[in-house]
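Got some structures for you, see below.
After this come two complexes, each holding chain A, first together with chain B and then together with chain C.
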Partner chain A sequence: MTTLALPTLALDGLLRSMADDEFVVGFTDSEWTGIAPLLEEDIAMSSLSQDELGHATALYGLLAELTGGDADGLAYDREPADYRHARLLDHGRGDWALTMARRYVYETADAVRLEALVGGRWSPLADLVAKIVREERYHLMHVEAWLDRLANGGADTHGRLTAALAELGPDAGTVFTPLPDEPALIDAGVLAAPMRDLEDRWRAAIGPTFARLGLPSIPPTIDPDQGRTDHGAAFDWLWSEFTMVRGSDVGATW
Partner chain B sequence: MSGTAAVPTETAVRATLATIPDPELPVVSIVDLGMIHRVTVDDSGIRVAVLPTFIGCPALDLIRGSIAASLAAFDRPVDVETSFEIPWTSDRISETGRRALAAAGIAPPSEPADVRCPWCASAQVVMDSAFGPTQCRSLYYCRTCRQPFEALKSV
Partner chain C sequence: MTGKRGAASAPAPAPAIEAWEVFRQEKDGDPMRHGGSVMAPDAELAAHYARELFGRRQESVRLWIVRRGDVVDLDDPDLLQPPLDRSFKKPGGYVMRDKLAAARAASGQAKPKARSR
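After this line comes the complex of A and B, so read on.
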């Protein structure tokens, strides 16, 4: 445990962004359960989503310990405008190519972010991240295979993948939106480097793969400081879906 | 909860825990799976720290409940906490656990390239899917004995 005073507000922003990312990507991908293109993918998307929602639950749990409240309340009882997930995750489920493109962008970005947290000095988060990284390895293995398959699968799949990346491109870097009071996280040894530096690392890491597969490189982020706000209609719809059951009987114990 | 019974030994508590099967892999106990991180026994009661195999494992609440129910026999206050202090890794599974998994047709965890068929021990296997019926398992096919099988993920 660190002896430094914890930068509570900055940690709140960090945990909220990570938890909301995992929650929204997990919930979006769970929409494939029952309708994925192959039986194996039906199972894979369900299992991946279960992992992501598990990570979200654990991260909301840390946030609740830090600031009060409870994990379910954090997940379900906010208005859409109060969620802080990356705008990358606001494009709706889309087709399989969009789903795999989003997964690839998100998982590779998340891997760079996790790497910057894994040795951090706030042990509750550093310990959890160490465990998350071990699970994400299988997610990366899965989506890297699909990126190859779609990029090399002929004109149709290559075209769909390219169109998906073009749609996501301007929002692709939003996982690295600067966090509120980010320097405090770095000073406290929670986060190893600023988000801007992590974004550079991520772009350098995926560049060779995109070049090898003949995919368009990721453009600069539009409005990069607003990358975790202004979620739009697709998220409004998703929010109405994931709050529906809880909203049907407010205050019930499940 | 009377809390008046004699303080049990840690060994006795662990022996009780060793009788609790994993809900998703019932051929293996939670002890052989390596899920028990710490057992503390003192005047205030029994505390057990459990390492989740996967963070979002839906069986975790069930396991915590089974632990509390099994330890109720000691008639002491019982506290079961989930810990990430160290990560659960697949090499925490005991030799007994690995043998029991293989006997049930589930390849014990190893690097994906080193997975062997639990039925015929062949190395001529292919991963059908990294994801299987539970978070901790992958799907494989053996080209030698032509049987599908599952393998525990190596995490």
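After this line comes the complex of A and C, so read on.
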């Protein structure tokens, strides 16, 4: 940390977006527990989801230290409209191809975002990101293996993957929705580059893979400034699922 | 275990899923021990699944993943359990302890410590 004053409000926005992303993707993917395509994949997917929820816990913990409150309250006690995850994650579980397409888009985007944070000057976040990066390396390997297999698995799997990417495409870039007071994060040395630049880096990084696998390239984001709001019915349902147990006995100690 | 849930149309023939044997090392210097097996269509996914089943709780520092078909399997009773008495090949009844102690005393060497686990 330097003598620069912490841009608390901007950090709040950054941590909230990252934590909500990890929480929502982890919870959505955990819905495959028990019904994944084969037993080993079932265990792998459940374990990956737990990793994401673990990242969310750590990020909510940082946010709680910064602004008060606690990680559980941040995760469970907000109204659906107050979550700041990317709209990419608002498409419901879908079939296996949709889940893998979403994971691929999210993991590759998250990797670019993490890279822009890992050397940051706010050490609590930079240290956490350095640990998260090491786990995400495996997540990326796992989903790249699946993208290859779906793209090269014949007309059925290629068709499903293409359809999934067509559905997600207009929301794919929303991981890079500009953050509130983003310039303050860059001035403070927390974030290395604006989200718009990171989005360009991400598109350049995945372009060759999509070309090699014969997949349609990702279109421009629709309504990019609303990329972390306006979540819709699929998230309302997911929210009702993940708040159900906590809501059943408000204030209980679990 | 190969069922495709939610498949609306006839799926393409699934790749053959086969067994892979997984050996794990608990910490540096330990021998590789058989941990179990995973089912997977290829080596890459077998490695991912082995990692999840035998390494996700940080219980391993190394895994060997071997296609079961590549294992040299030997269970021929004529080779392993021959019918004649072979008890004379066993070391029982031949006590080394006193001879070893005498040899050590003669050479001035201490008894080596038990190997650390």
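Everything that follows uses one rule, which is that the second predicted complex is superposed on the first by the 254 of 254 C-alpha atoms of A that agree within 3 Å, B and C clash if a C-alpha of one lies under 4 Å from a C-alpha of the other, contacts with A are read in each partner's own complex, and residues count from 1 in each chain.
Just so we're on the same page, a residue touches a chain if its C-beta (ideal position, glycine included) is under 8 Å from a C-beta of that chain, and two chains touch if they have at least 3 such contacts.
Given the structure is predicted, the values throughout are model-derived calculations rather than measurements.
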Overlay on chain A: chain C relative to chain B, clash or fit: clash
Touched chain A residues, chain B compared with chain C: B
Chain B versus chain C as contact partner of A:A130, first or second or both or neither: first
Which superposed partner A:H55 touches (first chain B, second chain C, both, neither): first
Touched partner set for A:D95, first chain B, second chain C, both or neither: second
Which of chain B and chain C A:L15 touches, first, second, both or neither: neither
Which of chain B and chain C A:G154 touches, first, second, both or neither: second
First, second, both or neither for A:I35, with chain B first and chain C second: second
Which of chain B and chain C A:I43 touches, first, second, both or neither: both
Contacts of A:Y138 with chain B and chain C, given as first, second, both or neither: both
Chain C region in steric overlap with chain B, selected from 21-29, 75-83 or 93-101: 21-29
Chain A positions touched by chain B in one structure and by chain C in the second: 40-41, 43-44, 47, 138, 141-142
Contacting residues of chain B [partner chain A, same complex]: 52, 54-58, 84-89, 112, 128-135, 138-139, 153, 155
Contacting residues of chain A [partner chain B, same complex]: 40-41, 43-44, 46-48, 50-55, 57-58, 123-124, 127-128, 130-132, 134-135, 137-138, 141-142
Chain A residues within the chain C interface of the complex: 35, 37-41, 43-44, 47, 95-96, 138, 141-142, 145, 153-157
Chain C residues within the chain A interface of the complex: 1-7, 9-13, 15, 17, 38-40, 44-45, 48-49, 51-53, 56
